[in-house]
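Below you will find the structure I want to go over with you.
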Amino acid sequence: MVSPAQPRVAAPVDAVALETRAAELATRSIKKEAKRCGLLLALTMTDLTTLEGRDSPGKVAALCRKAAHPAPGLPSVAAVCVYPDLVPTAVQALAGSSIAVASVATGFPSGRTSRALKLDEVRRCVDDGASEIDMVIDRGAFLAGYHEAVADEIAAVKQACGPAHLKVILETGELATYDNVRLASLIAIEAGADFIKTSTGKVKPAATMPVVLLMLEVVRDHYLATGKLVGVKAAGGISSAKLALRYLAMVNETVGDLWLTPERFRFGASSLLNDLAMQLARLDAGTYQRPDDFGKD
Amino acid sequence: MTRVDVRKTYKLFIGGKFPRSESGRTWEPDGAQGTNVALGSRKDLRDAVAAARGALGGWAGKTAYNRGQILYRLAEVLETRKASLAEELRGSSRLSAAAALKQVELGVDLLTFWAGVPDKLQQLLGSQNEVSGPFFNFSTVEPTGVVGAVAPDAPALVGCLALLAPLLAGGNTVVLLTSEDNPLPGLALGELLAVSDVPGGVVNLLAGRRAELSPQFASHRDVDGLLLAGEPDPALGAAASDSVKRVRNVELTPAAWRRLDTLCTLHWARPFVELKTLWHPKAP
Amino acid sequence: MSETIDPAAPSTPAENHRPQLVFGERWVYDPAPQSSDHVQLAERYGLFIDGEFVAPRSRRYFATSNPANEQHLAEVGQAGPADVDAAVSAARAAQQDVWGPMSPRDRSRYLFRLARLIQERSRELACVESLDGGKPIRESRDVDLPLAAAHVFYHAGWADKLQLAFPGSKTSPKGVVGQVIPWNFPLLMATWKLAPALACGNTVVLKPAETTPLTALLLGQIIEQAELPPGVVNILTGDGRTGAALVSHPGLDKVAFTGSTGVGKQIQRTLAGSGVDLTLELGGKAAHLVFEDAALDQAVEGVVKGIFFNQGHVCCAGSRLLVQESIHDVFVDKLLRRMERIRVGDPMDKNTDMGAINSGAQLARIQELVQCGVDEGAVMHQSSCTLPEKGFWFRPTVFTGVAMSHRIARDEVFGPVLSVLTFRTPEEAVEKANNTAYGLSAGIWTDKGARILWLAERMRAGVVWNNTFNRFDPASPFGGFKESGFGREGGRQGLEAYLRFHDDPFTQG
């Protein structure tokens, strides 16, 4: 990073008004068929995730089986998301399915490692069969004002991705202000991101409705100006079907139909899946369900 | 056959929980003979201060309206628990049943007054100031922070509430040492606070010896203010000066402690808020 | 759910091939009706006089109905001069013998009781408010009711602290107060009037609007439940004649009116020379000033809320948009796109954003002015939403190409209609914003603090919202400049209208 930093400034965001609008969208009441549709859509938008130090081949294999069959009669999820060294396990377990293998990369979650190592990691993941790469931006550089360097790194990673699609994790919890989130979103999009993603899930707060609302507004305006569709992934802290439906209402009313698809919107989650299955079962049975009736992998 | 009743051990109230003293000590207060009460130590005070500090951000960060609602809720709870509090107030003292009940009702009235203060404090103590120059200038009040309070021996309930309510109305968090003569009603307040939407740590209640604990209040550097019943004490004042605490002493006659007009004035709140003045230029 | 839209490709582009967003085809919300089984309306309500519900002397009643579907709700009494007499007498006796002499602390406690009861019966009151007036249940539930309860709580806490509010002044209650309120926030306006009046030791005769009497009548029941002494609050339903009879009654010490500027002027004329104190809260034609450095998406949200909240039936509605010329196209683009997302429909559906127009009469007024806008040459844009078959409805509407000389830039529409104009500099913005007989409120949208304060100083408006709009709080004084009225409601200053200052040499004229 070359001193002095040359920070970029993006248009301002008013936090109070943004949060008020998000809170208002959270009051949407989704019932009956609309609820069923929403729950199924959320399910197909899930990136089933395991990112723990103690992840083992057995754990990943079980997760992949769950991804393919979340519960009897339900469709499969969008992707499975794992650490780089477990990509081969996931690829094998998911062979023949339409579920993508997504890998985190670039020194996830901190990003505090050399450019060379980051790019090498990305190439290996893609070689091993990952079709989606979830990278982290350099938050230290961003907060110090080295915005060009941040953009540069994203572009380099995009190139290393080859055919794989790139999600850029902003780690909004560390960016702290909405103004920063808007700027980081713009930088990521301009540098070639296919998706912008809120969080690693390792830092609180992770995804919040106001932050995702802001990111949706950015991709909306970008699409209207350029015709390019960039996706949004909300990751971390979304463990209830109720919350997932609120996010979908927000997507529905902010950017509309073009994003109401796994191609353009994802939930990065693990326990969300069982709650979606449980709520679908409740709709069918008409009675409240029991967590233990749903497989825990 | 007389019924064998269940006797309560009166514990401290710290961080929303009811611990015994970490010292393990208990005592039978003069005004509550036959009852074991946890005897608070300096370490209990230390823990209470830490709890109060931890709760300050949340309490001061609530809207003033919300703080007022919580104080009113406390009044509601006190009203419905009048009878049991009056019992604890009588203790082993010579207080008549009627006098005890009257004191509890006074406590409810006091709380009702202070419940209506938080959302008016800025208008009453703040201001917009006309300065010379193209500047907008205004002054607002903020809580002082963690305030240590030492209640008088009597009245054992109102003595606590009269110190607590104005401090809470100002957004402060409190560590209160209850009456040394009869700590029961003061500690019983803890049970009521726990069900009144008052977040844990906002009020912490200790019981024990004034002589042992007051110097601890005064010298603890993370206590921002002191509200002490009794006459001014040079030693305590000197210890407080080490961290420039805001110190006030209050000595009232028994009759004065019974007068709402004396207990319900802004004088009780004013020393424990800080005035902040802001400037901003005006230009197109 | 449609399976036929190809998610990867944009939808059919418009003629100029610009990218287009698509809404509402993939996922449609099901109806989400607010359950109102617990709401039990009586067939008929009497007048609330001297602590009980009594039949009007004339035995005449009129119907109130739901403007969303024109269904009959209940019958309410038409109060005549004899009823006004009885109510004012009851109020006078209560003031002299009970409420006036009562200790301020006791008054405070009654008001706290009232506040709590309003809180406890919130759901029921919100349902009735939406049924009777047409506003969305989400608004009555999330805005009207919490604010109403808060208003009473706030003033309960002033009742025993009046000596703090005006230190150095000796004050007493004014006496008996007549209050006439409008149909746009029926319950909220009732609490805005009652709470300060009662807190200051006055007794009240309240007249709710003709088309929205129900929540005021339920408030009467709540007052009974709180065991307020009889005569302290009296509630007279009726049409315009009842209001006229009330404000001109010689037994009043003070009149408070919120409603149209036309009627407000009439009342001021009626009371001229009488020595009766008057406060007025009238109409407005508030302007938003949006600068190029504003947080644009949030400003759009604020402008949309400012005119479409409560169907635009708001005296302080932001009905003019003055946008900096450099961002006019970008802003209007975002605005129109956002306007399309407004869900107009059944007020009792929890997902409805905008409800019904309050009455056929109001709808006709809106239609007339909108036609005027078209005739004067402004460009009309309207939401493409489907409107229900029955009831009184109007689409969210925006006019661009408006000049300050147009009627739609000067006359209060009191409906969901926004007029857009441009400016180049802050000075020009202020000049256009102030170019009106009204002066109730204004909205300023810019990221620059100094500019906000400089502009706020120059805006001839009683409430200036900066980077926000339509925010109300019992602690925040509300009221207008110029023909938007005089007097303030809320805050310490709002108490002034309800107190007699012993050292005040003036009589109002």
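Chains here go by letter, A, B and C, matching the order in which they are written, and residues are numbered from 1 within each.
Here is the rule we go by: contacts are C-beta pairs under 8 Å (C-beta built on N, C-alpha and C of every residue); 3 or more make two chains touch, one makes a residue touch a chain.
Keep in mind that what you see is a predicted model, and the values were worked out from it rather than measured.
Novice: Count how many hops through touching chains it takes, at the least, to reach chain B starting from chain A.
Specialist: The fewest touching-chain steps linking chain A to chain B number 2.
Novice: What's the chain with its C-alpha centre farthest out from chain B?
Specialist: Most remote chain from chain B, centroid-wise, comes out as A.
Novice: Taking the mean of each chain's Cα atoms, which chain ends up nearest the overall Cα mean?
Specialist: Minimum centroid-to-centroid distance belongs to C.
Novice: In whole angstrom, what separates the CA-based centres of chain A and chain B?
Specialist: A distance of 48 Å separates the two centres.
Novice: Round to the nearest whole Å and give the separation of the Cα centres of chain A and chain C.
Specialist: Distance between chain centres: 43 Å.
Novice: What is the distance in Å between the mean C-alpha positions of chain B and chain C?
Specialist: 41
Novice: Identify all positions of chain B at which a residue touches two or more other chains, and write them in rising order.
Specialist: There are none in chain B.
Novice: Using the touch rule from the top, collect the residues of chain A that touch chain C in their complex.
Specialist: 11-14, 16-18, 20-21, 27-35, 37-38, 40-41, 217, 220, 223-227, 229, 248-249, 252-253, 255-258, 260-261, 263-264
Novice: List the residues on chain C that touch chain B in their complex, please.
Specialist: Contacts found on chain C: 105, 108-109, 112, 150, 153-154, 156-161, 164-165, 425-427, 449-451, 453-455, 457, 474-475, 491-492.
Novice: Can you list the chain C residues touching chain A in their complex?
Specialist: Answer in residue numbers: 1, 5, 7-8, 10-11, 18-19, 21-32, 138, 142, 293-299, 301-302, 341, 350-351, 447, 467-468.
Novice: Give the list of chain B residues in touch with chain C in this complex.
Specialist: On the chain B side, the touching residues are 64-65, 68-69, 72, 109, 112-113, 115-117, 119-120, 122-124, 134, 136, 260, 264, 266, 280-284.
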